[in-house]
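The two complexes that follow have chain A in common; it is paired with chain B in the first and with chain C in the second.
After this line comes the complex of A and B, so read on.
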């Protein structure tokens, strides 16, 4: 007895599907959420209004949404850049930490230099830190064919532990040891004032990091769409055999793309230091899970770098709304359920873009085999 | 009443018609061979019979009842079992556990299994059919021949009425093969049906009662083995009913050697020497065909010449200059063009546009780029030029390559290689799966290439094509060149027999 529904790959994907399916999936998600809210005796309409308001409704909520969305744009780009070549760098999380460490280090070393110098140095140092950290799985993949998914994933834990070690378990350069209080309650050194990234004031404050992410997205877009390098990346991603046939050097591309991917996450780490935290903050960085959300964003954006920035902003809004919604009358677990349902529906519906579901008509089925007279001979 | 009857089975894959109205019938109690070259449609047909693929058209009847398989399990329920060339066994399980694994009828569905009972049943079956294997042995400890016995035991345990074996002797020693043949005869003598897939003529003669020959996705005929000879089977397998136009004389002056191979050896994918000491010259303006049944080293030879496989020994020269082996880019620079066998995944990047695929190799050239930036306009122009020149039917240069039909895709590949102005062109089965019009077009372009002074190394099994195009025919068998024939005097039978390992 086989299931009468079958899932088949679409031979052609109508253009409107890629817009209609995400929109439809959001509708489904909100319907399911409405059911959950009804079942838990929360006002449906009111909750939805608050959700939208606290994400995008006012200047303050938009600013908070940028704060949540900025790191996600970086980790989303990090994933998208690598995934385009079928190189699954899951290590955006760890590479962001690495960039936060080197970025903060650069700011502390340079101290009182003028702001632009300090900011440029932080970006470069963050990129270098992330790139070097990403080259570990990159080199292992290119020269020993290890699985980059596992290596980069495991290195996330390594990076988190190193981060903790630098502030909590050692008297490292990053740790504030100036006062007796700071020795008892470990925390990072405050970065100098020159290392504070200025926001762009356009009625509301847009963090510099988000603008940097948009700039990187644009560069990546041109790089992948218009250059030799991008052409090779696309061919390797689509068919490694065709790439080898055309004489492309796959190994070098793996290293370059891993380094680029890690560098982007690293700049995201530096942006955390400069834009928001102004201190190397292990607890804050490791709690958020930026790297993993970035993978979801890359998938939702279908690895399109410009779309990554837009979706990072939207998901940032969703996260930010979650913080606002939860309270005495609205449990944080329910917020998680709502966010989860939205992601579940949107990601699940992706299947419908590439596959179609068909219902089988009942038809002739073979009866069970009659036993063969085995002793006939 | 035939046990299995397939009528008008058609199965299309993007760009290829794998089965084109195939008819096949096997009776109860017979060993029926399915003979054909690689690519003739045998594997597709067996996948249809085992429920892995659904035919686009046609009817399957078992014991005169029409059936439709929705999944492999339906075929299993109907009593069809297949022994694949690559075994489907769990190496860490015992023989008895593997036998039980695929059985979802009685014993296999129980929550608690009684290993004793299965082991004794397996041992009994092994004795009766002379395929004895220790039921408690773990599969990874067994030799390849013994693993095959486990596959046969699986089928017998499930009381298969129709047993399909896909090139079962490829992994066996001659002694093991003889023992297998005896087992198959025993199975058939009980009124079951054995379908034996092969491209080796003497085996078909040795074991089968009847044989159905497939060629190019169509049934060529069904014969009783008693009434045939290896020679006539070879002729059927490679085709003879249409005597194609052949080159009556050398079309072009043969110039200096474009490609020279001297004692070239190369390893196969699973180790072992796939190419064994090939020495060969292709003059410019000359078409040299390497004829051989697939799997005799011609693919590896093509890959060695084009730099995709490093030679283990020997030297390659293009237009007199030594070619560094194992580097496709060096081969491209030296002027080696390549029309690969797998055009959809090697010849093109399937999801990328036709235009991108037109510059798959030329993207490094200065006329399609300015510094690191690609000149998309120039690329588009180049693609439009190729589409026009080679009459490619496509909605435009931005269509993904995978949406092109096989013939149009091949024109893109061929046109791209010609735009690179190669000195040597390696063309591997360039018309496999193409329709008549596309085949003609490809042949015409290859002749034009030779007329312009290219040295063409044509690799394939299609003797019609080889006789129509080649100046010289070289036959490869088990990695060695076993004969050279002048294409203007060679007969199809001569070549076919050499290809099948006869002398």
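After this line comes the complex of A and C, so read on.
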């Protein structure tokens, strides 16, 4: 083919590339976003300034960014933990709901016990709920090699319907049925005061959930970088065949990683109950699409758990700005478009890290193709 | 007799299955050429919103406007698929992550919502929609009338599309080449088949069909625009391709099977069944999971029919 560009694998990757390329692709992404805005007659500069302003511009906006970023840190970790092993759990959304249900359940059952006990119980219950829900696709994948992408995704829809059912269409334990009014306008029971997670006040309020997420990220980082378990997970992710020959137990790892991944999302659900909503709130939980944004975050962080928390904060800012600005000059849907474009650019630029692109000068173009070598596969 | 529950359910299976037929057929073509596109949901939604926009703005008679609208929907789906194709074929990005990115970019809360907002499409009913058009004598015929003849043109076109796909993949040189590209791109390349061109063509065709599938929602089933109109149909379509062992004929059957479950909540509600609607609404999703388990656990283990080259970028220098 006489195409003047050639793509060759890099033999050595310069150290600065792995930082320069993502940064460069972010710049490209924002250029494309500017084009989208221009094409639809929105003022570019104005939109970007308002975006930055309402995401990071003031103390109040930073606090709301933490509120939006907290669930994203959990779903981002959920995706990163599983994706690292090439296990595509995209059920973070549903696992977060499951954790919200069990977390709220624990808080309601325990009632007026002291705060720390209640909070610990909510975290544990949330983790258990998320892990159990994630084990459905996990078990199916491990024992029947059923495609975990589709199963975990289908379960997101099921979990959303279960949430609706618990509050709107049944007299479940989570639903407030104490007054006649609450019976007509269905809503969840208020959680006891002891179940309110205290924020950390450092000039601004950082939700406890975000700190929990950072703690989990640190644990996961150590687990994946420093333990035998993490080593095996990475080997299975990079080369399942090599792992099998080395006698690693892939099936157990699938179950363990799925459970871990779901448990993290589940704690995110409990944090929703305890940090922000104080009630099992189906509409609020299902509207935001935390799980899907978590996938974007995990991919942008290249599955590095510590980077996940940082990027969750940044994309939390974007989401928060999306809510605040929603209206004529910041149409809903723009947030998804921006996330998608950023991800596309980062994905595409990945090529530049692994390969180099060469321009063939006509005079240097090689002659007829070299003889075909024997097929290695 | 025509109002018996079985006939009503079967008729709604065909109605609700039709978008799935288009979308799954498109995904099947892409996967047969070796490209997994998890962006079907996003492509369907962009097709749905653009098709709806076209039907509101194209002047002229109903049939003409509808044909143009379907064309616009197909084009919109193609453009979405082009992003994926460029990323995974030319830039060799991970097909799974790129497909997910496409759904996030284009799907509910993404470009389709943005366009729906920006073109202010929500709230108004479609100015034209696909209706059943056969003579009423046929449509009211016992049993087969409601199921087969009281349907829109999109249903009949989908049958033609399935037949064409069967013929194309099974009986034509081009179709056999596609299968070669999907099974073993290296061998196909040695035979002189342009792997890149085939993969691009079929990924784009898949996008066009997904766009039409989306338009089947916004122009026929629920002729209006709502954000997230397809409610996961794109994902069911992807499952359907696995469920159908990558065979077009089985896609048709499978689509109607899932269509029956998608239509069931409405049918039962209309009949005053008082069980919580959520339980019925969960059925299509639960059935998808069960069907997948069945397919992956039965003698069908080791991916009966899955193209061997599926999901892997082809790099000539590294074969």
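Please note the rule applied: the second predicted complex is superposed on the first by the 293 of 377 C-alpha atoms of A that agree within 3 Å, B and C clash if a C-alpha of one lies under 4 Å from a C-alpha of the other, contacts with A are read in each partner's own complex, and residues count from 1 in each chain.
What we mean here is this: a contact is a pair of C-beta atoms (placed from the backbone, for glycine too) under 8 Å apart; a residue touches a chain by one contact, two chains touch by 3 or more.
Everything numeric in this text was worked out from a predicted model, so none of it was measured.
Of the two partner chains, chain C is the only one touched by A:164; chain B is not.
Looking at the superposition, the partner that touches the larger set of chain A residues, chain B or chain C, turns out to be C.
Legend: residue contacts after superposition of the two complexes on their common chain; A:340 is shown touching chain C, with no touch to chain B. In the superposed model, A:8 lies in contact with chain C only, and not with chain B. In the superposed model, A:218 makes contact with neither chain B nor chain C. In the superposition on chain A, A:243 makes contact with chain B only, while chain C stays out of contact range. Of the two partner chains, chain B is the only one that A:228 touches; chain C does not reach it.
Of the two partner chains, neither chain B nor chain C is touched by A:177. Of the two partner chains placed by superposition, A:18 touches none, neither chain B nor chain C. Shared interface residues of chain A (contacting chain B in one complex, chain C in the other): 372, 376-377. Chain A makes touch with chain B in their complex at residues 2, 11-12, 226-229, 231-232, 234-235, 238-239, 241-249, 360, 363-374, 376-377. Residues 14, 62, 65-71, 73-75, 77-79, 159-161, 186, 189-192, 306-308, 327-332, 338, 340, 342, 345-352, 356, 359-361, 363-364, 369, 372-374, 376, 403 of chain B touch chain A in their complex. Across the interface of their complex, chain A is touched by residues 38, 83, 86-87, 91-94, 96-98, 100-118, 184, 186-187, 190, 227, 231-232, 235-236, 238-239, 242, 276-279, 281-282, 285-286, 288-289, 292-293, 296-297, 301, 317-319 of chain C. Of all the residues in chain A, the ones that touch chain C in their complex are 8-9, 40, 88, 90, 140, 144-147, 149-151, 153-155, 157-158, 161-162, 164-165, 169-170, 289, 292-293, 295-296, 299, 331-337, 339-341, 343-344, 347-348, 350-351, 355, 372, 375-377.
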